[in-house]
Structure formats: structure tokens, C-alpha cells
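Here subunit A shows up in two complexes: once beside subunit B, once beside subunit C.
Let's turn to the complex of A and B:
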């Protein structure tokens, strides 16, 4: 009897009919979901005449890299050297992503596993805060950032990002699943709470913080910083790329290349993190 | 109690407080920033909802005026609220179940194929304005993809201007929103499925679990309850706050307000008319709506696997 190898071997109770049904479902929906990816890649490779063709076609017929050449030309004529935008993006994205993952998980651990006064109130505040529309909090937010004197600095983007509600909630939910005995044995060995957090808790919730890193990276990468950053020297790549893409008809080619790059960076980060989420599966045998 | 006694207690922390000190130290950095950048702005917005504030002059206290105007005199808010509730009732649960279903199916695959499928299904959420592809599909002339197909099959005999025809706006927006639904909840479910203890599946077989559906209900879902709760909150915040796709595909204002939602209404007042007090009142009402829904949903979710 032949068995489909692509399904996990350790799983039991799997009927062939069921597998067939799943394949069918995934095929149909997969095509629908992949549409934007297919469109972005094809548009980036289209020569100008195909980009302006009406009605538009999904697939490229004479693929070319001209659009990327156009983009590099536009980059070189920018006011501030492009490497500067790149540096800004690296600082903002890495700061906001690492900062949020670390601070949120550090706070999630006591909220999940310790007993202390006020912890339920704090946790509920975080969950509820996610339900308030950010459109109207923007102005108070702007005033606070000015009051702190961090307007027009990287910190204006990084610090608020560190305190988003979602990360703390996500981390706490995953930590709730860890059995208490796991931490107890480390404490008996004399480990302090910070050590327990570093060596026991975090390795065991690796899928959670890798997933959080994906969300946060996307957020930070998509941020143009237009609200807080006035100096051109501080603005991130996203801003510069969107400026080029907004160049109208003359920049249509470069604009297609920009769309491709704006999507490609988070996708690359996504793939790195996701493949690690999958790896933990084989190594985490530490659960009760 | 004497002063001396009190001071002594203050300097030498009470035993309870001292035991909790590491906990407080660990949460401090996050919660200091959280207070500054979330609690204070939200509190300020709620205060502003009781004022008349045009963003140029100092806000003027007006009591419940904004709320009364909103709930009694604003006919467009009623339309927006109705649309938002339709979105929430339909796309909320359906999106949630889709996230769960697809995460679970993808979890059945292994290795590279799995990572690839995750990417494909998450793609609409990672590609920025991915929903703009629907603009091509829903183009109103006969070159639009949907019109083309329907004309070819003789289902319609002239092109339909989808996003400018009142009766099609909501159904189309719902379809696009469902297509976009595999986002935050979906990825957290994928990660949650990783943390289910594998030995529980083997124990399940001994306990008489016969097929994958029973396994899902009795083992997998109860084991990932924390993720289910998280996914539900994310779903609520998303389905009640639908605005972007409506503005991009149907315009703001949309034809006869067919696609207006509470958040498009809010954006109209907050970013176009600069009536920030009124916009804050809308945000506060929306907030209360979400909090109430969350209460109900969390109650339902506690019963999973019973």
C-alpha cells in the first residue's frame, strides 16, 4: 500500500479520502490566495508596453529587468544617499521588532506565571486597549511624543512600537500553556526569575516569539514615519520608495519594482522565521 | 498607628511586596511605555469625546452633546453601524473558522511544502495593498475580470459597475474581507498547533479517538485554547474596524453610503472635517461595542472541547 509521504508520519487516524479532500481544498483556495504574489512578480518583470496594456494581463510575456534599472536610476538621483534610508530602516525595524519582542515577553512571563497584586487589571488593560481605534489616539500620542522631546528622532517610532498590546497578549497566551513544573525544577536549582525566563520560558515558546517577530517586522517595515520624522536624513526606505512610486506615469516601471521590493523584504523575513517555527517541532521534547 | 511605625514599614518593604519585586521589575519597562503611549492617549481621547475640539482651538467641554447627536441625530451613523454589525456578524465568525481550518489543514502537511503553503495563504496579508488586485477583478467595464467571465457565460448581458451599484457593494466587500482574513489569527494558530503535546495524540488513540475530526475537537482545540482566545480578540478588533478596503474599493463616501462603516464615519469626522471631539465619541462607542462582543465570545470559547 502506498502512503502519501508528504503528510507527517507520526499522525494517526488519517484516511486516504480525507487526504484527497484536503488536497483539493488547498489547491482551489491556494490559487485564489496566491493571486497578489503572482501579480506583483509579473508586474515587476513587465516591460512598459505590457504594464500599460489595457485590459491588463496577469502574466508577463517578454520578461525584463528594466524596471529595476529604472528604480536604481531614480534611487541615485535622490536627495539623500540611498544607503542612508537603508540604515534608517534597519535601525527602526530592528529596534522596534527586537524591542517589542523582548519587552512584551519579559512582561508576559510574570503576568502568566507569577502571583502579584494588580496583575489581572494590567492584563485586562492591555487586551482592552487593542479595541480602541488608533485614529483618535494619534493626536494625544503626538502631544506625548513632543512632550517627551523625542519628536523627529528614531525613538518616536521605536518606543511606541515596543508597547503594542498584541505582543504581550500573544506571549502571555503561549506561556499559559507551559506546565509550572518546568520552572519549578529550575528554581530548585537556584535560578533567579530572570534566568528562568531566559533559559526555560523563552526557548519553550519559540514559535510564539518568532510569530510575533513576523507581525512586528511587517508593522515596522511598513511605517513611513511621515508623522514624526521631519528630517530627510532620518526617513526610512519605505518613505523613499513610496516617493519614487508616486512619480506617476513616468515612473510606472520603477513603481512596479518598488511594489516588488516592498513585498519581498517581509516575505524573506517571514520565510526565515516560519522555517524556524517548524524546526522547533522536532526539538521541543521538554513539555510535560 | 504611629508615624514611626509607618515609616519603618515603608523603608523595609513588606514581605509580600518583596516577594513580588522581581515580577514588578520585569513588567516595569513594558508598562511604563504602555502607560505613556497607550493608556494616556486612550484616556485623553475619552475625555475629548466630551468636548468640541477642532484641532486648532482649545477643546471646549460640551458634556454628553456628542453622544446625543451621534445616537439620536446622526442618520449616517445608523447606516454605518448597521453595515459594521453585518460585517462583524458575517466576516467575524467565518474568518475565524477559516483561520482555524486552514491552519489545521496546513499543519497536516510536512516540511517545505508546509512552509510554502503557509506563505501562499498568508500572502494577502503580507503584500501590503494586496486587495488592490480586486480592483482589477471588479473593474466596472467589460474588461473587468468578473464582468468578462460573466459576459462570456451569458450570465449577465451588460457589464456591471460593481462598486458603484448599491446592492453589490456590501457583498463584494464581504468577499474581499474574507479573502483577507488569514492574517494574525491564522499565524498564531499555526504556531499554537506546534505547541500541542504530540504524546497526547497517541494517548488519544488508546482512548478511542477514531478520526481526525474527533482528534481536532477533543485533543487539539482544548490544548490550544489560549490561542483560540487570542485569535478571537484579534478577529473582533479587525471585523469591527473594517474601513480600508471600503475606502479603497468603494470610496468614502461610497455610493449612497452603501459601504460606510463606523470607522469610515470616524475617519470622515477625524481626518476630513476635523471634528475630533465627535470622532472620539464614535471611537468610544465602537470600543464599548467591541468590549461587549469580546465578553460574549470569550464565554462561548470556554466551552470548546466539552
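Let's turn to the complex of A and C:
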């Protein structure tokens, strides 16, 4: 019996039927989740008469790019060109994501790997702050933003996002799992704290900060900024979408095209980051 | 020459530590700590908006008393939100761990499948939801009535009640059964709420050293044993991470927050709204402390 097991042990102990069932389940969930996206893609390619067809069809019959042309023509003749909205969103998203990942991982390193006074209090405060919903603290937030004098600038959206608690929490949890001996050996070799952070800690928690980047990118991308940005030329894409969608029937084609653009970019970002997560080799080279 | 003031090692560590935290802490203090204190202040006073800004008048615990003794629906909504959260969180955690395990295996088109499971998170953005709804509205005015008819016709004959009785006869306790039925009803919301959790779990699975699996293999562990002895202990800390995330996430979209929001922005009662959000924050924190305290006792940390 023992021998048999050794021979088989390079394969997973799962029957073909079990695998089939798992993939079947995954397929069902996958289809459920992919449906809205399929709808978005097809709607963006539908000519107007198909958009209003009854009963509605999921798949497009005569795909055209009319909606995109419509979008750019319609929006470029308006007050603020469409590309400006896109640029605003990109600035806000990149700023908020990069800032948050950098600040949160910097702060998470000592919280996870150093011992000093006030550490636990600080960390508990972080967890407490996450419980505090953004929607409810809108009034104090607005007051703070205008007190800082950054109302109606990109900073009003970027700065609060940089110091959100969730990223710090996530990074700390992942850094907790790094073996201390890795850092000790670097210190013995004469590396300063910042060097340890840059060359030892960050490469080893790459899956964590890529995850955080995905997460934060998505959050920033979905921001309408309606509260803080008043100037039309500062407003992000999501705001433009709301405006176009509010246009109703007349703008249905343009609205479908914008929805496609808005959904496509975070998905692309996700795909790039995820394929990088796979390439990481973690906590290798340890001999205990 | 002035004698150089030297620090002890632990003091150096402290300074170093705070240097790393400082940039983040400044923003955190400015935006989050301050708004926390302002909310507490609001909850203890009457806020009136005038021409030159707002003015606060101290009323003590009046708002709290009102919320708990006189307000019509607060206690009820709070309880139902908490119950929803308690029911949803374990389901989301199990589902996302399961999905992460599946998606962590090597197969063709894995990134694509992962992306599909992350879709709900992306498509949940406010503006996209709006756009999809408008698009659906335009074509679906007739569809909605027909689907209602379908739902009605399906409820006769062999409905969910039939299955409940069937399982009831199989000696499964009523409470357990109701939980399962509830879970089935929540499938869509659970699946769409677990995108981020799946990604976190995948990252956790990726950071398990492969040498551990090699050892397990050499020792002749089965897949089942490997899961419980290697994988599960190693992702345990991230189960806590995910619980925290899930609780925060489900809390932010819960009815209590909606109530607080409406109280503030359609009834303009900022004091009462602050009370609602503070009380629900405290309740959520209490739950988190309990759950995490219980789990972290059983958690294995690598160091």
C-alpha cells in the first residue's frame, strides 16, 4: 500500500469526476459574474436600433463602432472634451494608488517588524478608523478639506486616499509572515533600515502590494469626485458617465461606449498585476 | 564642541519606526482622526446651519437618548444589519477561500478566470451601476412584468417550501436549514462581495514557501493532509485580514449607514446621524474584537 501511494503521490488525490464537478461549479459562478461584462461589451458595439430592440438580445448582430464615434463627436463639441475627463481620472487614480501603496507599505514595515512604544495603540486606531464609513463622515471630511485649502483640486481626492487604513492593515498582515531572520541577516551585512525595506521586505511581499494596488486602483477609478471638484474641467470620467447616462434615450449609444471604456481599464490593470503576482518567488533561500 | 547626544538602541528603533510611519500618519491624523473627533463632537450637540457657517450647541446625551428610546426604527435596523453581517461573513470567507484555492491551481486561462471573479468589484462602481441600470431600464420595461409572472407561476407546486419540508424530514435541524436556505438566497450577493477577498487569499497562497509543500510531499502527505497541515495554518492570518475587510465592507453598505446618511442629508439632523454612525461603529468593533480575539488564539504565525 505504502509503495502504491508513493507512485501516485505526484498527482493530486482527486478523481476525474470530482474535478469535473469543481469546474462545473466554477463555470456556473464564472458565467454569472461575467454576464454584466458581456452585456457591456455587446451594448457598446450595438447600433442604436439593436439597443432598443424588444425583446432585448444579449449578443450583438451587426457590430459597429458608431457609439464610440458618437461619443467623441458629441463630447468634443461640448464644453469639456472627453479626453480631459479621461486625463483627470488617470491623474487621480495614479496619484491615489501610488501614494497609498507607498505610504501604507512604509508605515506597515515598522508596525510589523519593529518594537516601539505606542505601536499597538496606533494599530488599533487604524482598525477603528476603517469601521468609520466614508459616507457618514462626509461633513467633517468636507470641512477638513476646505480647512486645508485643497477644495476643488485633485489633491482633495488624492490625499485622503493616500492615508486610508485598509492598505496599512493588509500590508502589515503580509509582512507579519516574513521570517525575521531575513531582515536580521541583511542588517548584519550592514544594510540600513530603508535599504532593508527596499531590497528585502518589498520584493518579498510583492503579491501583497500588487493586490493592494489592484484594490486601490479600482476604488480610485470609481470615484465621481462630485463632492470636492466643482470645476467642470477637473471632473473625472465617472462623473461624465453619470451625466451622459442621465441624458437617457438620446445618449444611449454614447453611454454604452463610456461604460465600456470605464470598465475595460481597471480590468486591464487587474490582468497585468495578476500575472505579475504569479511570478513572485517568496521566502525562498531560507535555511533553518 | 557639543557632545553628541547618543540614543539607546531601543530609542533609535523608535525614532526609526516613527520616521517610516510619519508620512502616512500625518495624512491619517488630518483626515481620519480629526473627522472621528468631529463626529463625536457632533453627536453631543445640536448642529444648526446658518448663513456664516454652522454653530454647535452642547446638548449632552440627548441625541443618544433619542436614538435608543424614541427613534422609530434605529434599533431594529441596527439589529438586522448586525445579523446580516454575522450571517454573510462566514459564507463569504469560506466561498472566497475555496475559490482562491481553485484559482491558485495551474490551468490554462487562469488569469482570465481570476479576472472574471474580480469583475463584480469593478462593476460595482456607482457610475457603472447607474449606466447598466439605465441601459436595462430602456429595454426591460416589458421584461420585468413577464419575469414577475414567471416567478409567481414557479412558486406553486414544488417550491422552496417543499424542499424545506423534505430536508426537515431528514432530521436536519430547523435553524441549520434556515441558515442554508438563507445562504442559497444570498448566493449572488455573496459571490459578488467576495472579489477582493479572493484576491487577498490568492496573494496569501502565493506567499507560502514552496519548500513546505516539498517537505509535505517527501513525507508522503496526501492532498487533504497538506491542506490542513500546511496551507490552512499558513493562510490563517489572512483569514483575519479578510474578516476585517468583509466586516468593514458589509458595514459600509449596510442599512444603518444608509439610515445615518438619510438622517444627515435629507432630514438635516447631523447630531442624530453622528449618533447612529458612532453606535454602529462601536457595535461592529465589538464584534470584530470578539471574533478576531477568538481566531487569533488559534492562529499560527510563522515567526
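Just so it is clear, the second predicted complex is superposed on the first by the 258 of 288 C-alpha atoms of A that agree within 3 Å, B and C clash if a C-alpha of one lies under 4 Å from a C-alpha of the other, contacts with A are read in each partner's own complex, and residues count from 1 in each chain.
Everything below uses one rule, namely that a residue touches a chain if its C-beta (ideal position, glycine included) is under 8 Å from a C-beta of that chain, and two chains touch if they have at least 3 such contacts.
Just so it is clear, the structure is predicted and the values come from calculations on it, not from any experiment.
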### Message
Both complexes share subunit A, so when I overlay them there, do subunit B and subunit C fit or clash?
### Response
clash
### Query
Which of the two partners, first being subunit B and second being subunit C, lies in contact with A:18: first, second, both, or neither?
first
### Query
Should A:30 be classified as contacting the first partner (subunit B), the second (subunit C), both, or neither?
both
### Task
Please indicate which partner A:163 is in contact with in the superposed arrangement: first for subunit B, second for subunit C, both, or neither.
both
### Message
Contacts for A:40 in the overlay, against subunit B (first) and subunit C (second): which applies, first, second, both or neither?
### Response
both
### Query
Looking at the overlay, what does A:150 touch: subunit B (first), subunit C (second), both, or neither?
neither
### Message
For A:186 in the superposed arrangement: first (subunit B), second (subunit C), both or neither?
### Response
neither
### Task
Please indicate which partner A:139 is in contact with in the superposed arrangement: first for subunit B, second for subunit C, both, or neither.
both
### Query
Which subunit A residues lie in the overlap of the subunit B contact set and the subunit C contact set?
6, 9-10, 12-14, 22, 26, 29-30, 32-34, 36-37, 39-40, 54-56, 103-104, 106-107, 109-111, 114-117, 119, 122, 125-133, 135-141, 143-144, 148, 159-160, 162-163, 165-166, 168-170, 173-174, 176-177, 193, 197, 205, 207-208, 210-211, 214-215, 218, 222, 259, 262-263, 266-267, 270-271, 274-275, 277-278, 280, 284
#### Entry: Residues of subunit B defined as touching subunit A within the complex
16, 20, 22-24, 26-27, 29-31, 33-34, 36-42, 44-45, 48, 55, 102, 105-106, 108-111, 113-115, 117-124, 126-128, 130-131, 133, 136, 139, 143-144, 148, 179, 182, 184, 187-188, 190-192, 194-195, 197-198, 201-202, 205, 209-212, 214-215, 223-224, 226-227, 229-230, 233-234, 236-237, 240-241, 263, 266-267, 270-271, 276, 279-280, 282-283, 286-287, 290-291, 294
### Message
Using the touch definition from the top, list the residues of subunit C that touch subunit A in their complex.
### Response
10, 13-14, 16-18, 20-21, 23-28, 30-36, 38-39, 42, 99, 102, 111-128, 130-132, 134-135, 138-140, 142-143, 188, 191-192, 196, 199-200, 202-204, 206-211, 217, 220, 222-224, 234, 237-238, 240-241, 244-245, 248, 251-252, 257, 260-261, 264, 270, 273-274, 276-277, 281, 284-285, 288, 301-303
## Note on the structure
The subunit A residues in contact with subunit B across the complex are 6-15, 18-19, 22, 25-26, 29-30, 32-37, 39-40, 54-56, 103-104, 106-107, 109-111, 114-117, 119, 122, 125-133, 135-141, 143-144, 148, 159-160, 162-163, 165-166, 168-170, 173-174, 176-177, 192-194, 197, 205, 207-208, 210-211, 214-215, 218, 222, 259, 262-263, 266-267, 270-271, 274-275, 277-278, 280-281, 284, 287-288
### Query
Tell me, which parts of subunit A touch subunit C in their complex?
2, 5-6, 9-10, 12-14, 22, 26, 29-30, 32-34, 36-37, 39-40, 43, 51-56, 103-104, 106-107, 109-111, 114-117, 119, 122, 125-141, 143-144, 148, 159-160, 162-163, 165-166, 168-170, 173-174, 176-180, 193, 197, 204-205, 207-208, 210-211, 214-215, 218, 221-222, 224, 238-239, 241-242, 245-246, 248-249, 252, 255-256, 258-259, 262-263, 266-267, 270-271, 274-275, 277-278, 280, 282-284, 286
